[in-house]
Each structure stands twice: as C-alpha cells, then as structure tokens.
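Common to both upcoming complexes is subunit A, partnered first by subunit B, then by subunit C.
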Partner chain A sequence: MLDACCLMPDNRFLEVTELPPRVIVDKCDGCKAEKEPLCEQICPGDLMTLSEKTGKAYCRYTRDCWDCMSCVKICPQGALETRLSYQLGYYPAKLIPMMGTNRITWTSIAMDGTVERFVVPTRNEE
Partner chain B sequence: MASKLPTSLEEIQTVMVETDVLVIGGGNSGCFAAIEAKKQNAKLKVTIMEKAHIDRSGCLAAGMDAINTYIKKGRTIEEFVRWSRSQAGGLIREDLTKSLAEVLNEPTEEWERWGLPIKHDEETDEYVTRGKWDITIRGSEMKVILAEKVREFGVEVLNRVVATGYLMDGERVIGAMGFGVRDGRFYAIRAKATIVSTGGAAGIYKPYQADSVDSHHQLWYCPFNVGSGYAMGIRAGAEMTTFEMRWCATRTKDFNGPIDTISVGYNAPMINGKGERILQKHYAHLGGEAAPRYIRANVPMEEWREGRGPTFVDTREMTPEQVRDMKIDYLNERPSYVLHLAARNHDPSKEPLEVYGNDPYIVGGHTASGYWVDVSRETTLPNLFASGDVAGGCPNKFVGGAAAEGMLAARSAAKRASETASAGSLSDQQLAAEMVRIFAPAFRQAAEGDGVTPREMEERMQRLMDEYAGGVHQFFRMNREGLEYALKNVRILKDQTRYLIARDLHELMECHEVIDRLDVAEVLLHHLMYREETRWPGWQTRTDFPERNDEKFDCFVNSRRDPATGQVQVFTRPYEQLIPGDRMKP
Partner chain C sequence: MPVGLYFCQCHGEISRTVDTARLASVLSRARGVAVCREHPCLCGADGLAIMQRDVRDGTVDRIVLAGCSPRVHQETFTAALEAAGLNRYMVERCNLREQCAWPHADDPATATGKARNLVLMSLAKARLLEPLVPLTFPAVERALVLGAGVAGLSAALDLAAAGVEVVVAEKEPYLGGHVAGFHRYFPRNCPPMCGVDFMVERLRADTKVSLHTCAEMTEITGSPGNYQVEMVKRPRYVSPEKCTACGECAGVCPISRSDRLGQGLGSTRAAYLPHPLAQPRAYVIDREACLEGCDLCSRACPTGAIDLAQQEERFALRVGSVVVATGWESYDASLVEQYGYGRLANVVTNLELERLASPNGPTGGKLLRPSDGRPASRVAFLQCVGSRDLNHLPYCSQICCAVTLKQVGYVREALPEAEITVFYMDLRAVGEYEQMYREAQEQHRALFIRGNPSEVVQDPRSGDAIVRAEDTLSGRQVEVKADLVVLAVGMRPSRGLERLFPSLQPSSGGWDFASGHTQCFPFEMRRSGIYPAGSCQGPMDVSTATRGASGAAMKAMATLKGRVEVRPTVPVVDKAKCDKCKRCMEECPVEAWYWDETGYPAPDLLKCRQCGICQGGCPMRVISLKNFGIKMVANAIQALDPSFAGKGEPVLLALLCANDAYPAADLAGQKRHAYPPNVVTMPVPCAGSVNVAWVADALTNGVDGVLIAGCKSDQCHFFHGSDLARTRLDNMRETLKRMMIEPDRVRMANLGIADDAAYVELVTGFLSDLRGLGPSPFKA
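Let's look at the complex of A and B:
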C-alpha cells in the first residue's frame, strides 16, 4: 500500500504510525515549480525536506515534529497528514484542514469513524 | 534544497550585512519590534535574522486562541501590576510591568485592524471576555498575517539564518553572527542597535511523553525555541535574572496541551481520582480556584504523590455547544489536540479530561526568567535590547505582552540607531573565532568521522536535568546534592561539545542548539542552588529548604558569567515596590 507509507531517501518504507507528518507519496509532486517544496520552506523545525532520489517530500526526524500543522496547511496538493504517535493516540483518527481565503474547514474523524466538521474564520472579510 | 556542509575553513563563504536595527528572532515579539522600528523612523534599515521562516516561526506557529493579557474597559494599570505580582508569588519588576501595561493593548488592536478575527459583544461592541484579563481570538493564521505586515513595512528578512553569537566592540553589542541552515554560509550582521527576541528555552528537561524515540517533541512550549538568545547573552557576560523561577504548568496529559482554554474559558474545576474538587478541598487557604499559578501548576503532582491521582479538569458540566466551542478554540491554537481527542473517542461532556505537569521551561513571558533590563528594555550589554520570552523581570506577558514589549524595545532601539553615526568596528579575529566555533562539528565529521551526535548529548542533558534538577519525573523536587551532581555532569558535557559531529546543515543547527541549551542549563543550576528556600512550590521546590525565607530571599537572584574565565557569579538585587499593598494578593 504505497500511499500509506513514506518512501525514505534510501528507498526504505516506514510504517504509517511512526510518522506524525505523513506524506501521501501519490499526491506529493515535490513542488517542482518552487526552489524548495513549500513544506520545507515553512517548517519551523527545519524537518521537512525533499528526497533527491524520489523527488518527494519527507520528514527527516518525525519524532521532532511539534504537530503545528504548518506543512499540512500550506501543501497545495493535500499530500500531508498529521498523525500523533501511536503511543499517545489510537489509530486511525484523522484531522484534515481545508484552507479557504478567510476560513479553515476542519474535518475530524474519530477512531470509531465519527465525523465532525468545524468552519473557523481566520481573517476578517475585507 | 540545502547546500553541502563545508568541510574546511577555505570552503566557507561569508555574507556581510550592514543594518541600522537588527532583530534576532522573528517570532511574535521580534516581528512587532521590526515593524515598530520602521514606524519610528522609516529611513532606518531594519533586518530580522530568523532561523526558520517568519510566517510560522516561534510560539505562534500553530496559532493562538486567546490574548491572555488585555486591559479591559474599567480595569487599571495598577490592577494589572497587582494581579501579575500575586500570580508570580510577589516577585516581579514593577517598573517593567507598569511600562508594559501602558502599551499592552496596542498590538492586539493593531492585529485586529490587520485582519485578525476577534469576537465583539453584540450589545457593547467590547471584546468578548474570558476570565479576568483574557479575550478570545481566532488566531490560527495570526502569525501569517503578522509576517505579511513585516514585509509590507519594508523590513529585510533573513529566513533560515541561525544566530550563534553577538558581534562585540569592547563591551558594546554591534550585531550578531551565525550561519545559514540552507546556504551553509557564515553571516556577520553589523547593526547600530540590536534587539534579541529569540524566545525562551524548551528541551532543557526530558518530557515524560518521550516514548523511546517517537514523541520527543510533544511539548507545550515551542520545541524549536532552545534558549539561544539567553545563551548568546550568557557567553557575552550579560546579567540574567530569576532563571530559578521555572515555568511548570498543568497541561493536558500525554498531549501537553494548554489548559486555560478549558479551566478559565469554561470554568471547569480540577478534580482528583477520588472526584474531589482539589483547589477547593485542599487549597482553600491559598485562594482555592483563584490560587496563584504555581500552586495550580503543582496540584496534579501533589495529588499523584499523595495517592489521589490521576487528575482531571471536570468537563462533564459542559454542554455539547460548549464542547464544540472548546474544540474550535483548540483548532485555533493546537489543532492536533482535537486529533488527540478523536484518537481516543473522547467526549469531554461525558468524561473529564486528564491533566498533568509538563517538562519545565525557562520562559520570561510566563515567569520572570531572562535578561536583566532597564525600563527602556536595554540589557546590561550596551546597545542590546531584549523583548518577549527572552527578557526577564516581567512575567505574565503572554502573547499580547510579548508583542507590546517588542514595540517598547524597538522604540528605544530605533532612537539609539538614529542617534548613532557608526555601529562600531569589526574585529577579524572575532569573526574567525566564531566561524571556527560554528563549523567545528562539520570539520570533525570530515576529519575524524567519529564523535558525539547532538541527539545523544541532548538526551544525556535532558535526563540529568529531569532526574537531578527537579524535572517532571521527580515531581519538580530537588535538593543540593542532586543539583551538584547535575552541574558536575553538565560541565563534563560542555567540555565534550568539542566532540560533536554534524553530517549536514540541519545537524549543525542541532549541535548549536545543544551547545546553547547547556549554557542555559549551567546558569539555571547555579540559580536553583543559590535560592535556598522554596518560594514557588512546583516551579522551584527545594526538598532541603521546604519553607519560604523572606529574610534572605525576598529579592531577585541574578547571575553573570565572566566571559574571560567562564565562572558564573550569582548575587541578589533588592525588590522595589512601586504599587502599595500586599504583594501576594491581587
């Protein structure tokens, strides 16, 4: 299951649950038009970077992620997903932000499949 | 795409920058400082040196759900000083707090004009309040909004440049040095006035969430704030204050998330495993639910120690609408806490939320740790100003106060820069020495290929501090013997930094993060040893001196490391009360 794993620079696959910022490799295009991928530009911990071998983004040390979701919010392909480490939260809950101009629509999916949606304003209307 | 790591001095390219006002650290406080310097004098060149990217760097990376210090209509500056004083156990710099309070509301109101959504009461048009000094905001994107304004005001922004040391001309600070974590170059930025706003220090102590390797950074405080601003000042001989007043707080268990969102925002009381309202039942004599912050911070630890754990905030009285509003608050500040609830199928209206203490941080925006500054925010190093979490003496600043202090520091720095003809003279010897110090782990990797990784050293330090200097695994408790053991070993680690190795520029940054943290840890240990009393249980619990000793310690504990000898001197400064009344009461 390729899209459930992260392809590391040495072509090794890591298990999903090791990865707080999980890269969905089918969706990631490495932001080819940019000098470096947007997730790499924005990450406050300098953790996201591009694999020269695969042309896809990856997180170099997943344990150092703060779960701030800056990379998830900025990814134009929706190719990033924040996961908590399994030791702290059970599989397979999800939290997905859809970025709008003046709002974020968040979808929370609990481990039992319960879906909640929240629309949160982020900027006053012009 | 990062450049290659230099393997010898000859490979290193140098970037020289001349500016009028240099701001080190482009978080909330630094961005407000940079904008204010331009507002004061648009002709000044203002430069931000930022190790990440100003759109998402510092404490506001994920956003914020409240401004916790806003002086509402009908409240006074004196009231604010009295409140802050009581929350800090009676020990604050009243002059700093008063001057901050005078401008405290300005950044919040400016932010709103720039587009930050803040709720207004439909009838009065005042901000909707939450608790005594708090207003609720929709701050998920507030740092992005602020960064846009930094660019609009014409501030030069150097993203991905790590500051490592001050440029000195004698005793005077004339800028800073560092390296590019993308371009691998050495940077020397000369400035007529310098503002340090690098934030506080996380990662000095081991967090309890660190399960082997997978959740090392599940921290409340920004894990990328490593205390570099403190460390640069310590190395240059700046006077520091009150490091021993550590920031330990009650946080959501396992996630380490903020708790005021629930306890202040929704009046949810803390309860123990027996279902007792802890503050009411066991802490009524200290103010009950309104007890000072350090008392509340220590509550979960004491309950566990007394065999009455685990501890919770009781959210079961909350309505489904309130639970939904609470989740929105978290989405604006730490969105992954909503994921944490989802990953446990946790409905707070049915089950209470578990709380626990966090790994201690050194954070001058919450407690009083940091640079000793005057009312203009100038440090004891001439031409160096400090603001936000790195500046001491003025606790309970939080987001609004850190921004306001950035403005205050910038007003002084802009004035100094405008009055100064020349920044000062650069010494080639100083540049060469810092270049060698910065790139040493890269050269060692190239030459020897063996040594100590920054991660190994960081974990050794964090375990020492946790176990011997009052970390969360020791319920924040410490004694002289433990502190001496920690200091002995921190000194060994400091000596062993010469064995650090880096294989790429990210690891080189990590090397300097651990070097900086060790300098902070050493000074912290001196402060913890000096204060032979227990003034703030939890923040500073000495098991060998369990009582408060006002005769000896109703004063500031300050320190200065002699740059020539490396010796840390610790001394006291008297308390100066400006606003009358019982300092322990709001």
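Let's look at the complex of A and C:
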C-alpha cells in the first residue's frame, strides 16, 4: 500500500496525503536498476529502497524519515524532495539543495513563499 | 607551476579588437604566471622560438596560448614546444580569435573583457595540467576471422600478407560460404569456386594461417589487443588429412538425407562431400541422420579416416582483433505466404535456382521442375519478395535485381526457347549492372512486367504455377503460367551475431546489420578491435564484400602490431569517494567499465574512447578525465567573472562539444558573423561529459544562463552523449523550477559542424531571453 501511494504519479494526491520524502517518479531511474540505489545507500534510517514492481525508489516508512535530506542531496536525477522538518517550518515550506562541485546551494521557500538562498562550501579541497 | 602566458596578435586579427597589450600587462600579475608576453605571430618561427627559449630556460613548465582556436596550428605548437622539452599535454589553448576578436569586432571593450575572462579560465585549467605520456599495452599478433565466405577469406589473406597470424573459423564443414554453392557470380559471370579455391590455396600455403571448419566462437572476453575467445569445433567424424574423397563411405551408407548446401532440393547420403569442389576436399558425416550403431562407413574407409566416436573439441585463443565475416542468410520466403513458397513445389528461391543451375547441383545443372522433373521452359521471376515491405524487410537488398538478371541468363542458356517473365517494382541495376539489364532484355528476351504479383497459385491438374499480377504500366490484370517461379528474396544478417556481440550498433527500423557509421566509420562497432566485414554489414554483392574485407583487415591491424598505444587523457576514479553506484558502467557507450579487483569500477582503457560520459554522469563527481577533470573545469568556471559584460547585461556560459558545436562556433567567427560578446565558451569532449555540478557552479557563480551544445542526437560520436546531456539537463531544469529559478536558464541544443548561423541565432536568442528573465538570483 505504501509502495503504491508513494509512486502515484498524481503529485497533488501525494502532497496532501503522503509524508515526505517524495519520489518524482518521472525523474527517478532507479539508479539504473542497481540493487541498492544511492538513496538506499545513504539513508541513515535505511528507509529508501527500490520497488521491484516499478524499478523506482520509494520510502518504506515515511513516518520514520527525519528529513535529513541525505537522499535529496545524493540523488543524481534530482528525483527526491523532502519538506522542512516541522520544527522549522510547516507545510508548504521547502528546502531544496543543488549540488555543485564543491558547494551546495540551498533554496529555502518559507510558508509565505519567501525565497532565500544560501551557498555553502562542502568538501575542503587540499 | 610557473605558467607562460602568451598573447598572439595574429597580425592584428586579434589585437585590432582585443586589447592584447593591456591584457598582457594586467594578466602578467595573475596567479602562477611566470612570463607573460605578447607577440604579433606566435605560430611563426620567431614566436615559436620565444616560447621555446622560455621552456628551455626552465622559466615555464606549462603554457597558455591566447590566440587562435585550438582547432588550428595545434601540431605547430605542440611539436615546437615538445622539441624544446615541454610535455605536449602541458599546453592550454585559449581561443581569442575565432570566438572573441572575429565575432565581436564591433564591441572592442566588451570583447577585451570577455578575452580577459577566457584567459583567466584557461589559466585556472592550466594550473591543474599534468604532463602525460601515451599509454602502451601489449597486443597479441594474431587475428581471428569469423566466417570463411568471400569476405572472411579475403580479410584473412590481407591479414596474412601483413604478417600476422590468422585463425579462420567457419561453422560449415566447407570454406567459401554461400558463394561456394553458386553457379556463377557477377559481373564477370565466372564460377565462384575458382576465386574461393584460389584464396584457400594461398591461405593453406601460409604457415601463419590456420583454417578451421565446423568451428564457431562461443565467447569473447578481454580487451582490444588482447581478447580471449572460446572456440568450439564440432566433430566432422572424418579426418580431412586422411580422407582422399574416394567416396567409399557414401557408397555403403544406407541413409539418405536432405542436402543442405543443395538447399534441400536434392539429397545425399549421411556420409557426404558438401560439393565436388568443396574445400577441404573431405567427406563429412551427418551423425544426426545416422542409424544407431551403424559403422559401415568407417569399416569401408580405405584410409582409416573415419572416427565415429570423435568428440566436440573446445579450445581457447588469445587474439588481438576479430574480423566478423559471419555473412547473411535469405529472408524466409515462406513468410510471404501469398507466393506459396513451401506449399507449392515449383516455387523456389533465387538461392535454390543457383543450385539448380549449377553443374554440381542436385540436377546436374538442368533446369527441372521440382514437382515432376520435367524441363522448366516457362520461368517467372518475382522481385522484392519480402523486401521494401514494412511487414517483412523494410529495406532494399540491393543485389536481388542483379541476381535475377544473371539468372535470366542461366535460363536462356539452359533452354533457348524458354519463356522468361520478370515481375518487378523497380529494377535497381546500378553501375555496370545496367549492362546486365540490357542483356536480359535484348539477348535473353526476358519479358519485364512492372507489378508486384498478388498471388501465386497452382493448377491442380498440370502442376503449373500461375502468377497473378497487375501490369501497372498498362493497367491490365495478367496471369502467367510458369513451370518454375523464382522468388528473389532479400538478405538479412546471419543469426547469432547479436548474441556474440551484444554491443553492436543497435538495430533500427528492421535493419539488423552491423553497419557502423557508414560514411565516416563503416567498420566501427561499439567495441574497438572487432570489425565487421562483408554482408554482415549490409546486403552487398561479392565485389563489395571482398573490397570491404580489405578495409576491415586494415582496421584490425591497429591492434595486431604487438602493442597498442592509447592517448593518456583517460578517466580516473577517486576510489576514496566512489559510491560504486555503477552509473558509469550503465552510461558508458562502449561498455568500457568493469569491477576491478578491489571492487571498484575501473575503465578498460583499451575500450574507452575518452568521451567523458562517465565523468558527466558521476553523481559523486569522482571520475575525471586526465587534463579535463571535474576540478579543473570547476576551477575554470569559478575563474569566470560575469560582471565583464556590464551592469544588467546577462552572461552566458556555453559548453560546446568539441566535435561539432565548438567547430560551428569557430566557423561563425571565421565568417565574421557578429553576435553579442556576452557568451563565454569552453570546448568539452562530448556534451555527455558535462557534469550538472558544473552547471550548478556556473549559476551560483552569477552566470545568468548555461548552454550545453552537442551533436545532433543521431550524429553523436559517442552514440548517446547528446541524449544523456539532454536528459540530465531536463532533470536539472525541473529542480530549478522547484527552486523558483527559471528553468530556461539552462538549455541543451544540438548543432552540426556547419551550423554557424544556427549557433549565432541560438546564443543571440538565448541572451535576449536572459535579458527578459532578468539577472540571475545569484548575481551579487
């Protein structure tokens, strides 16, 4: 049931009823049918996995996701989306990372639609 | 890391627009620059001498050449600098002429600002250049030729003449392939066994050549220059060395079987000689047809050549390259049901007619009706059977028309009074085959009816075949009675090709041949060191097949010379950060990646074509091409200061594929097409080598838009680089949209090498759209 819910292409339905992380099924390529896609490898709670039926990623227990955004950052297709954790901002606030070579650009969209961007350096290159 | 920065005025071509003197003075203080000079003509003897002196002095260990496009004078510079002791990979070219001075002559101030940025980007790249030397790998000096038809035999002869060891494997028990069964081949209309025999004798006399019949390849692993192949040799049950072809075995054999070479028209004993001139001239035993426990033949054999217990033999080979000459097979005529092949006895294929006409064939060369053995005095030929038909073979097999014209001659020769009718859609007798067409009409008096027959039926009483058609020229319905109906069926590649070489060009539109990029790289397969020859490449006549075989042999020589040299600009993996997601393996167009002994992905450098698609797709950004790596390009993008175009003016970063889009941009400059100087370009080995992290870098760096331009989808030199780039950018555009950034700031375009006008239109349009969108949200 959870599987099907997460994979519904009807995004509106998902947004209202499903907890994040949300998989944008059109973009997810299941890491080319890899046994363990990158989101599964990185998820600290071991929540993400591939659906055998569709070959796309889904979150097994959305209630257990604490929105750490590891999967969002690592997804090569940009196919994952989480919300800001509720302590920080209620639905529909969003925080979206964009990965550069040695920086992450965070876009924060507050409940009222205010957009803020932060560019944060990542790896310390020697 | 002392960089020598040299500005070329190009006799004023550059300095007229770009203030090279000022740039030289300003940039002489840039980080790492040890020497900065300006010269009127760097490619002249004087200019080269100045750079050579700086290299010899040890003043510089890498060079940035700000002048013409890297597409011109590359060897002039690298050869001169190499002579002075500089590694040829330590030169970074910065294109100030074709992509700055020439197209922006009307705006010298901004052009100079752009030039400054181009140089800064080149300097950033130059700082990370490494001296590289070509890699060499050992290569086995032995070639494997699969298939001993005319193409395979010709390729083997050429390879042997070039001095390498050649192993020829033929799956049939005889050499010569299809043509061995033909009566004659055109255009000279001579017996094909003459040519086959000639080639086989020469190959046999060559000690470096080994010929195997009943042999097939079952597996191939390894790399170009060093392939390991597994071969299987099926038992022949007769030793060709001992067999004298006396025929005693066939004389005592109690079993009759359908003759395969005779296309099933006749029969042989289970111990049989494939045909009287077969090479090797030795009998074969068809054990599947044998009676259980029967050993009459082996007892009858006077030389003890027969070993009925012979087993299948497997052997392995190491070869440097493989020539695939696995040939063709006829399209199954019974699938074209309305012509009754397989149901009506007197309907035969053109291949069967070859056997009927051959003196070595089942009828001894007499044209007889298969139904009752009466002479066939009325013969109808049906062209394009299953060809040019979307339900069967969608293509024209090119030679069936000429085959029919040849066979019209067989009929006339055998029966001077025969009535010959040819039903055709279009007759395609190209080149000198026009002569055969004329002969068929004038000398052989064949009647040509333009129309595709609707059906062939049989008169139940006489056994005559009746061909019903519309003569489209007169508009009348015609019915032609025939003793023999010959179906001109088309050609398709032999089966098994796709199983052995799964990485062949994908088939498209029903065309399953291994044809490569027919204009530029006709022998190219996705794997280097494996080259197709002959009719596995497409329907062709014998003369094209033999000619093509020489080409394939020549290509094969590249990995047969004892060692293979590889350009050192190969991909390298930073294993410490690799996640083993295997995207590199999945996206590599030539399947070059494998798991190394440490469990990490590694490229087979011999298969790798250095397109950088792995680098572009790596989500961890840990794959880098040598001297064009992730970090190098990221640094170059970081070095770009998008304020040069002036306040409120957008700046566009264009990453252009070095194969087509970058030359198109050069051409625009060469033709002096003016476009705004707000576009900064960088060549990339393939659009697929662009990692979207670079695009993100550029945007956060304040660049207003990013363009990736690759070859047209079906013209990508690396098969799907352009398409992958588009998919990746599409994903990024969607992310940008969610980030409340206009997705139109990043675009993918496809450009051909001569699309200079399209390039100008593209960047001009993009820039004007960017003006409409306003400055990038990241612009300081």
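Just so it is clear, the second predicted complex is superposed on the first by the 100 of 126 C-alpha atoms of A that agree within 3 Å, B and C clash if a C-alpha of one lies under 4 Å from a C-alpha of the other, contacts with A are read in each partner's own complex, and residues count from 1 in each chain.
Here, contacts are C-beta pairs under 8 Å (C-beta built on N, C-alpha and C of every residue); 3 or more make two chains touch, one makes a residue touch a chain.
Keep in mind the model is a prediction, meaning the values are calculated, not measured.
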Field: Partner chain in contact with A:Q41 - subunit B first, subunit C second, else both or neither
entry: both
Query: Looking at the overlay, does A:I109 come into contact with subunit B only (first), subunit C only (second), both, or neither?
result: both
Message: A:G100 in the overlay: touching subunit B, subunit C, both, or neither? Say first, second, both or neither.
response: second
- request: Name the contact category of A:P76: first (subunit B only), second (subunit C only), both, or neither.
  value: second
- request: Going by the touch definition up top, name the partner, subunit B or subunit C, that contacts more of subunit A.
  value: B
Message: Let me test your reading of the model: by the given contact rule, A:C31 touches which partner, first (subunit B), second (subunit C), both or neither?
response: second
Message: Looking at A:C68 after the superposition, I want to know if it touches subunit B, subunit C, both of them or none. Which is it: first, second, both, neither?
response: first
Field: Shared contact residues on subunit A - subunit B and subunit C
entry: 41, 94, 109
Query: Which part of subunit A faces subunit C closely enough to touch in the complex?
result: 24, 27, 31-32, 34, 37-38, 41, 74-79, 81, 94, 96, 98-103, 105, 107, 109, 115, 117, 119, 125
Field: Interface residues, subunit C side, partner subunit A - complex
entry: 579, 581-583, 586-587, 617, 619-621, 630-631, 634, 691, 693-694, 696-697, 699-700, 731-732, 734-736, 738-741, 777-778
Query: Where on subunit A is subunit B touching in the complex?
result: 18, 35-36, 41-46, 49-50, 60, 62-70, 82, 84-91, 93-95, 97, 104, 106, 108-112, 114, 116, 118, 120-124
Message: Please output the residues of subunit B touching subunit A within their complex, sorted ascending.
response: 1-2, 51-53, 55-58, 61-62, 112, 115-117, 138, 140-141, 145, 160, 181-182, 209, 211, 213-219, 222-224, 254-255, 324, 327-328, 331-332, 334-336, 338-345, 506, 509
